[in-house]
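Have a look at the structure below, then the notes.
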């Protein structure tokens, strides 16, 4: 375990027993969310920089033309990847994505893919040529809840993404033919279980203190779920979290 | 000859002067003294010290530090003191018969302890003595170079905070501060603010005002 | 370097973006922008957006890399996949590895590594948006991040690129000039003694052209150094109104 995990773990658990959190939030409160869209506006097709409390994530969207999957020849392709950049935390190392980065990428991807947020059918160009949407998550400063920060920035970036011009077999970068067709706004909501209480949007200190974690991504349906951590969750904890996730997602959606 | 003024903000490579005595935050080149870091220069006669804006903690004999037990090896505890160097708490400091006892009954991995740095070798490895387990309360971390500001001249700032919050506060020179009892929230707020505004003027008054306002609220 | 005789990069004595031959693009620098890193800096230079973070001195693993006489300074330069128009696959490519190497060597000339034996000082340069001159922007950000981290240095390091475009020696190439010009030469110096710690060049220059380019680079770097100093100075003017 990271050494700093020991410094505040017990104190945070005691606070939870008193119904409090270290930063004074309520259990069902997100930290302050600041989003700057088109942060990489000169180069990327879409981008969004998010500050979720002290967690900072930059998501960039790149488009390129490529081959569709054989089982869906008239559908565009989306692919998500995440990097825990080493400057974001003393515990992140340079190198290919480890299991933590891969989990972030796959959970964010699931929410966007399963909700049908990107209308992939509209990304068909001609035979054997479709638009490929690359969602690249670049984590820059880690203070907990990387999944929600990344997921919210990702959908915000997609909502502001433009499709480059495609002429005579090549992509004309810098010139655009329209907006990426995005019809749903999936929002992930992560809960940390500490002493049988479910806390929304854990900080890094709270992640060190938690027993387990549950992420639920919603639109008007549930589109992705991911339980993390070593502890267990009760049925009622899961049901309550689902209800709260729908509610909180609505609030976050208003900011985008 | 001095090339800077008292309380001047200096940056790495800035000329301090010649025939001046300067502290370890400087370096000498061709008979001249330069600052190696960014910070505030204080001039006392022909001596200059530089108060760093930031930096890593390097253990010094006599420092009180707050550490975390990170490993147990060869009947000794390896302590993390927020420094890149190794710090050992020897079994014999605590146990009467470290070779035949299970020393885990004194401290285990994850325990938070305070202690005094007793020895530092030439590559900055250190040993710690007089360990006390810190239970309950919270340990926060600040930039180690801002610790003197948190304590204040003759402990004035620390006493000001203790008076208004009634918290027990143990300040480690390694940037870790243990807080228990009293208004822990207010103590943390005050310390974090001192850390942020350490190099500004009028800080003591602002902290006193902040403590007064929040003290009256409760 | 691609050659394209069709693009005129200089018209009526001005460059494509309207700059004079010795004019820098707009530069802004800020330190202390990350919460977790020990030191950090952010540089906007033209359309470049560059972030640098420093950790250290810290424990060095694996142990066999430890040097009992000094700290190991390591610099990694990385382009974000979305930082360029045509997406770059994540991971170090040969160009990034070379830039990491020359950047590490440039910074090693100034950092007083002997003061921290057996440790690591890690510098991470992230290019978030790239538009020619990223390695220079990266070095400038890295030097600030090291100062912000309180790591002792003999001097700052300041970098600037010069080039030759339509036969003219110009300062601070933008993207089209970098792609279609006749020479690209990034230079990094220690501003106090104007000693070179990074020098790379590709293209074609006569000896006289090189002299002119070199002087222009030093001149540009000294101007950029002032911006670096101001960024450090501003860091102590914090907002004292709120908590």
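Descriptive notes on the structure:
All chains are identified by letter, namely A, B and C, in their written order; residue positions are counted from 1 within each chain.
The rule we apply is simple: contacts are C-beta pairs under 8 Å (C-beta built on N, C-alpha and C of every residue); 3 or more make two chains touch, one makes a residue touch a chain.
Being a predicted model, the structure only gives us computed values, none of them experimental.
Listing every chain that touches chain A and chain B alike gives C.
Comparing the centres of all chains, each the average of its CA atoms, the largest separation from chain A belongs to B. Per-chain Cα centroids separate chain A from chain B by 38 Å.
Chain C has its Cα centroid 31 Å from the Cα centroid of chain A.
The set of chain C residues that touch two or more partner chains comprises 58.
Only residues 38-39, 56-60, 68, 110, 112, 116-120, 147-156, 190-192, 229, 232-233, 235-238, 240, 243 of chain C touch chain B when the two sit together in their complex. Interface residues of chain B facing chain A in the complex, by the touch rule stated above, are 68, 70, 80, 110-112, 136-141, 176, 185. Taken in their complex, chain A has these residues touching chain B: 1, 3-4, 6-8, 10-11, 14, 24. Taken together, the chain A residues at the contact with chain C in this complex read 39-40, 42-44, 47, 54, 56, 58, 60-62, 64, 81, 83, 85-90, 94, 96-97, 134, 136, 138, 140-143, 171, 173-174.
Residue ranges on chain B touching chain C, taken from their complex, read 9, 11-13, 25, 27, 29, 34, 36-39, 52-56, 84-85, 123-124, 145, 189, 192-193, 196-197, 199-200, 202-203, 206, 210.
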